[in-house]
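First subunit A sits with subunit B, and in the next complex the same chain sits with subunit C.
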Partner chain A sequence: MKNDLFEPDVIAGDEIALDSEQRIKVLSPSLLVAKRFFRNRLAIAGLVIISAMFLFSFVGGWVSPYGEDQVFMGYDVMSKDYAGVTVNKEYRYVEKQEGAMPSLLRANFILALNSGKTQFESNGLVYDIVGEGEEFYTVKQNGRELALVSKKIFDAKSAGTVFTYEFRYLAEKAMQPGADTQFEYRGKTFSVEADEGSTSIYTVDGAQKSLYAIVSDFIVNPVSDDVFLSLEFKAAIQNAVNNKKDTFVFTDAKGRQQEYTILRKDFQFFVKKQTSTRLIQIYEGPGKKHLLGTDANGMDLMTRLMYGGRISLIIGFIVILLENTIGVILGGLSGYFGKWLDNLLMRLVDIFNCIPHLPLLIIIGAVMDSMHVNPKTRIYYLMFILGFLYWPGTARMVRGQILSLREREFMTATEAAGLTVSRRIFKHLVPNVIPQLIVLATMGLGDIILMESTLSFLGLGVKFPYASWGNIISAVSNVYVMTNYWFVWIPAGMLILLTVLGFNFIGDGLRDAFDPKMKR
Partner chain B sequence: MRNYIIKRLLLNIVILFFVALVIYTILRLIPTSYIENLAREKASLPGGKSYKEWLEQLNVLYGMNIGIFRGFIQWLGSAVRGNFGDSWYYNVPVTQKFATVIWNSFFLALVALFLEVFIAIPLGILAARKQYSKTDYAVTVFALIGISLPTFYIATLLKLVFSIKLGWLDLYGTVGRFYDQLSPAGQFLDMAKHYILPVITLTIVSVGSLMRYSRTNMLEVLNSDFIRTARAKGLPERKVINKHAFRNTLIPIVTIVGGMLPGLFGGAMITETLFQIEGIGYTSYRAMVSGDIPFSMFYMIFIAFLTLVGTLIADILYAVVDPRVRVS
Partner chain C sequence: MNGSAARANASNDTEYILEVRNLKKYFDIRSGLLQRVTGYVKAVDGVSFKLKKGTTMGLVGESGCGKTTVGRTILRLSEKTEGDVLYKGSDIYAMSKSDLRRLRPKIQIIFQDPYSSLSPRLPVGEIIGEAVRQHKIVPKEEYEDYLDKIMASCGLQPYHKDRYPHEFSGGQRQRICIARALALNPDFIVCDEPVSALDVSIQAQIINLLKDLQKQFNLTYLFISHDLSVVEHISDTIGVMYLGNIVESGSKEDIFDNPLHPYTKALFSAIPIPDPTVKMNRIVLQGSIPSPANPPSGCKFHTRCSYCMERCKSEAPAAVDSGNGHIVVCHLYGADGKPIAELQKP
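Right, the complex of A and B next:
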């Protein structure tokens, strides 16, 4: 220390007096404090850590290309149900007029058919069953045709085609073995060609044939309503099912090839398609796009950490400000005026000191949970409650300092000089308490950040969508996340540790620096 | 001395009264989610009464229909007779539940305190003896890291390393799966094994402050005149440290450790909750989160009581251990 204070060059000149200004480098008390502070390596480390945290949280959130609660989506190929195929085992009815064959009639028809009758009675009327072919009947009453009954399923080529009773009748007649394969309907010629398992119906226009419909035992339905399955596709499915294939490739009208897999379950077949699906990217590992990966909601963790730091630091500073304002005013009043006021305020401090902080905060947090308090309002409440709980420590310290300072000569001097009370307190007493206050506040910042993160970890502090280091770590309540996704919680904990450690280092360094007895 | 203690005791009773009043008022002012949830549950059962009717009936049943001040007097009246009501969440008298879980907390805290004292004091003294050396820096940094570590973080890290990666210890609970089939000695060992991680967690997060406290005190003692005298008269350094300095540095340490003793019953809420140890901390955490007023009230008064007793013990010990201190 000597070399700093005395400059050897000047000592050489012997006319200079001992206390000459040229000879002695004068340092103000605050400069001395700063000098002592900067000589403490831990304090410097703390300063660096805290500056880095501020940069990270406040500038980082602004630099980061992503938002605090931006959800990242990605595409992934997934096997999804596309269509269902069922083998038809039941008779289906095509009515000549709507409502011509109600369900009671249908039931009676089935009963009669199963017992081999060609007539049945219902509601006093007699109905005839006319066998038109294999598993193909018409129901008549008094010679009047009511409906056509068959097991065949007709699939049209174009959407919106309706198969009328007459068309079905003519088509199915033409499909019977040995029958004429051509028929006329409403001035158009149709021809029927049987394949294995299914039958195709073509419209014939001179020499040209074009596919009109397919008749089979399969019911093919798309899973979602907005998809119309083309006849070619249905034919491809039927072909694959008939040939007992597990997969088939279908080229659609636009020429795109797509592989489908078929899953068989009794008489049902599920056609699955490899579709690219939009998914939330959860727990994506660290990479170029997301430096620390993404969390359970598909949000960028690095950005969440930045915003979380912002909230933790802001909460810390506001609570400290609140706590110190209350503490300095009450402690100052108590220490300066003494007597009954001191007694009253100190008992108040005793009472507040006894109220357990964590349990009270947990209860209030749980109540806010059950009241569904808005997450933003919650943060304000949290700051207010923390400030209100932490003031007694400051008040007690300020009071103790002022009690001892009050008795010093300089205070007697201010009284003799006739200064007003407020001037004496705030100009002469409080500035002398400020060093201790700063030390206490710096250490207190760490405590508040710890308390806030503990509450957020328990889910009772800062809540989603707001990020906080504590609530980022709370993902570990899921053991799978804890084990497999270290990048979700380890960095957040490190940031809490570093920040609190930084504040403690600075506080420690400041305490040593402010202490005139320290010999360094 | 006796008058001083009596005076302090009376003062503490007054403080405790007001603390109870403040806590009771806070608990009554905030809505009791427990009763509302219960009423909602009961109202949704078929053939039941409406939510409003249930709420009214339950409020009467749980004694929440009377004014805050009358309610407090009633609570106080039964509390001084040792009756703290029935826990809503556990459905047993509060004191009965307390008696079944308190010893788990106590043993956890006791072992942690032993470790703490045996690590913190020697290291603190060592750091003070070699002030500003590498050892001193290392101890200071270690102590500050301990203070700065969030309990939940260190607990999770320990779980990850020892339970998952190494697979040596269980993640949760106080007993293993085959506890009932073990011999008494085996049962004890099994239980002890489950307490390893909680004890380490608790020790790491609380060892720092005691370490720093003993370092600061030792520094103060080493800078005092009688140590300079001891050195000046040519005593060997070992004797200076072990006889003159150590004994004097013990005075404040004994005081502060004495003041920590009542806290052993307070429960380590976060640690117990994370390791699911049925101690007072975990038990009251669950009660508080579900809005169980009698249990919360009891626990908070209990903690306030322990704080007061701790301060009192520290103050009395200070006078007892150090004959220079005279009670005024």
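Right, the complex of A and C next:
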């Protein structure tokens, strides 16, 4: 009876001895390479680094709760201007009818008043100045009242109250020392009570007294138009100003307490209020919310590093793919067909090698800037340009390989066997070039990522809002950021370093693994 | 004479599978800034021979004499400079590329170096079977069986198919090369020093394998070698080459028992005889082989020939038949093929 367990893969009818060759495990060249590769510790380290980079970049961006260009805002309590207070030093005019006292008349009035006259002329008409009290005049023409001139400021309790000429006249009269503190206007009784530095006007309804307006020397205006300052608040400010206080606490109608500070400047006072404000959280240090902090735009650095890695790696791979496609096709044609084609293509390679890459890329970057190419299209252009610049190296290598392989006897054998040209190229030549190609490509990946970072650093590559390790690092061009916010640029620098190192380790490992003379 | 003339005319006769007429292969020497052709390396300089079906012709000569170039030029693996190569009466060099490709399986080659003649990245089954499939030598259903059969006849096991060349020894690789050539069902195989890279015990295996296969498949070989004992073992006829020319050719017995050309004599005197009692009578040639880029005038061998005459330096000798198809190219022999004087060592 045949025991299948102990006789694997036996060709029917054949007996296999214990030391038979058939028992030797068959390893294809690629498996041998893999075996040698995995024996190389540095290569494994490189592989781990690159795998980690891939996870970080491709899975990370997905896992991260934040978006690539999500700006973080926070609330912060700040002292902001709330109201301005000015001590009034000028005469104010209250006209009986609108337009009764135009500006020319006002100027003539001031001139006359300053020179102590009680009459003045304007436009051939004679006007009388009637002193009604201290810094309180009325202007009349031919016995007809035109306007009231005073330095007092009336602040109404409720918004929308308009003080008419008659009311002002009666109120100011009542405020004169020794006058009756009560007056009647339009059927209502008002009483005037002088406080320290200001005067309050109340409406009197029997025994009931309620505040109607305050008269003072202060003009109180809110900083923003949509705020109405209540009379109580104005009174509080005036009280504080009069008492030369720096701060005061005011409790508004809804019972909220708020501290205000007063800044004095000549006859002006600025009332500041502690308000909470929405702020972009820039250069926030590493913490729980932002593992690596935020950058100059208030974006989460960790997330940006993830997206940046994605772009850097994608650019690297696409450029390598492009470069190798062009390089293999042109190098292959050159090596296989030789003669004038080889000459032509290799001179083309020489020309490409003569182009200084950095200046050319700087020029292209500047052109793209001036053409306002949008950031996404820019990334594609960048890939094409890099691929187009870097193919000559690959082409040279492929050509050299194919030139030497073409003369090997196994290629002659394929010709003797009458194989088609495409078969000879793709089944015999290309597989023999692939090891060198893989090594070159792996090493090249590091270079491309460095080049991309360099360009992004210089502001020519990947542009905001897209992240790339290079443009994250470019923050160090600001010395303050370099010295104070290490978390902005060190991680990006480390990632570039690790990735390039990883690719080089893998490349070295592959080169050693592909080299059949390395029997390690 | 009548018979031989008739035979010469009947080159289309199926008896002769291959006929080579005055084949020349010059390689350009280019120099200077413009890479102008300034001279030629005359690797093959007028070689003619015929090969009967089912026989083996040995081509011997020291290294650099153009043996390998003859083999490759016959198969049109490198282009000729002059002359004709007729395979079964049709000129290989007159064929279109597609016709040539169709003919390829019939004329095969086994290379000297079994290491570089196998693509390292293809499994052995693919190396052997690739061209079989392309040329549709056998129907698809029979392909696997056919491959097994061919590999078995070359001493390879079916499980070797999935292995790669680096896993085989030199002898096994050479078997793979033979199997690759054989799988295309050829009539004629150029064996370009197939055993030179192998050690002696393996050499014998391979030579015997080649002989067995020849019997089995009625193959015709052009066996190129510098190893006279191997050539003696396998050949029916022998051609001796010196500096791009065949200086002597004939049946194996004629050449080995009665070498006529001074070069052949010198060459054969170098075969060691495994008997310490036999006194070796070696003829040691002076100097080394002249450059084929600048070959000597007249008889090319005159610079090293111990029988050199005035005539040899200016006049190239013609081929003479000393009977039984034993052809020698030397001034020492008259038009009738008899020596002009008793040869004595000067």
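Some notes on this structure:
Quick note on the criterion: the second predicted complex is superposed on the first by the 498 of 520 C-alpha atoms of A that agree within 3 Å, B and C clash if a C-alpha of one lies under 4 Å from a C-alpha of the other, contacts with A are read in each partner's own complex, and residues count from 1 in each chain.
Throughout what follows, a contact is a pair of C-beta atoms (placed from the backbone, for glycine too) under 8 Å apart; a residue touches a chain by one contact, two chains touch by 3 or more.
Predicted model, so just to flag it, every value in this text is computed and none were measured.
After superposition onto subunit A, the partners subunit B and subunit C occupy separate space and fit alongside each other.
Contacts of A:413 after superposition: subunit C is touched, whereas subunit B is not reached.
In the superposition on chain A, contact of A:432 is made with subunit C only, not with subunit B.
Contacts of A:103 after superposition: neither subunit B nor subunit C is touched.
Shared-chain residue A:28: touches subunit C; no touch with subunit B. One of subunit B and subunit C touches more residues of subunit A, and that partner is B.
In the superposed model, A:123 lies in contact with neither subunit B nor subunit C. In the superposed model, subunit B and subunit C sit 40 degrees apart as seen from the Cα centre of subunit A, a figure rounded to the nearest 10.
After overlaying the two complexes on the shared chain, residue contacts for A:501 are found with subunit B alone; subunit C is out of touch. When the two structures are aligned on their common chain, the gap between the nearest CA atoms of subunit B and subunit C comes to 6 Å. The contact sets of subunit A with subunit B and with subunit C never meet. Listed in rising order, the residues of subunit A touching subunit C in the complex are 9, 11, 21-22, 26-29, 32, 408-410, 412-420, 423, 427-428, 431-432, 516. Interface of subunit B with subunit A (complex): residues 14-16, 18-19, 22-23, 26-27, 30-31, 33, 36-37, 132, 137, 140-141, 144-145, 147-153, 156-157, 159-160, 164, 171, 269-270, 273, 284-285, 288-291, 296, 299-300, 303-304, 307-308.
Listing the residues of subunit A that touch subunit B in their complex gives 41-42, 347, 350-351, 353-356, 358-360, 362-364, 366-367, 369-371, 446, 450, 453-454, 457-458, 460, 470, 473, 476, 479, 482-483, 486, 489-490, 493, 496-497, 500-501, 504-505, 508, 520.
By the touch criterion stated above, subunit C contacts subunit A in their complex at residues 72, 75, 77, 100-105, 107-109, 111-113, 116-123, 130-131, 134-135, 157-159, 162-164, 166-167, 177, 180, 184.
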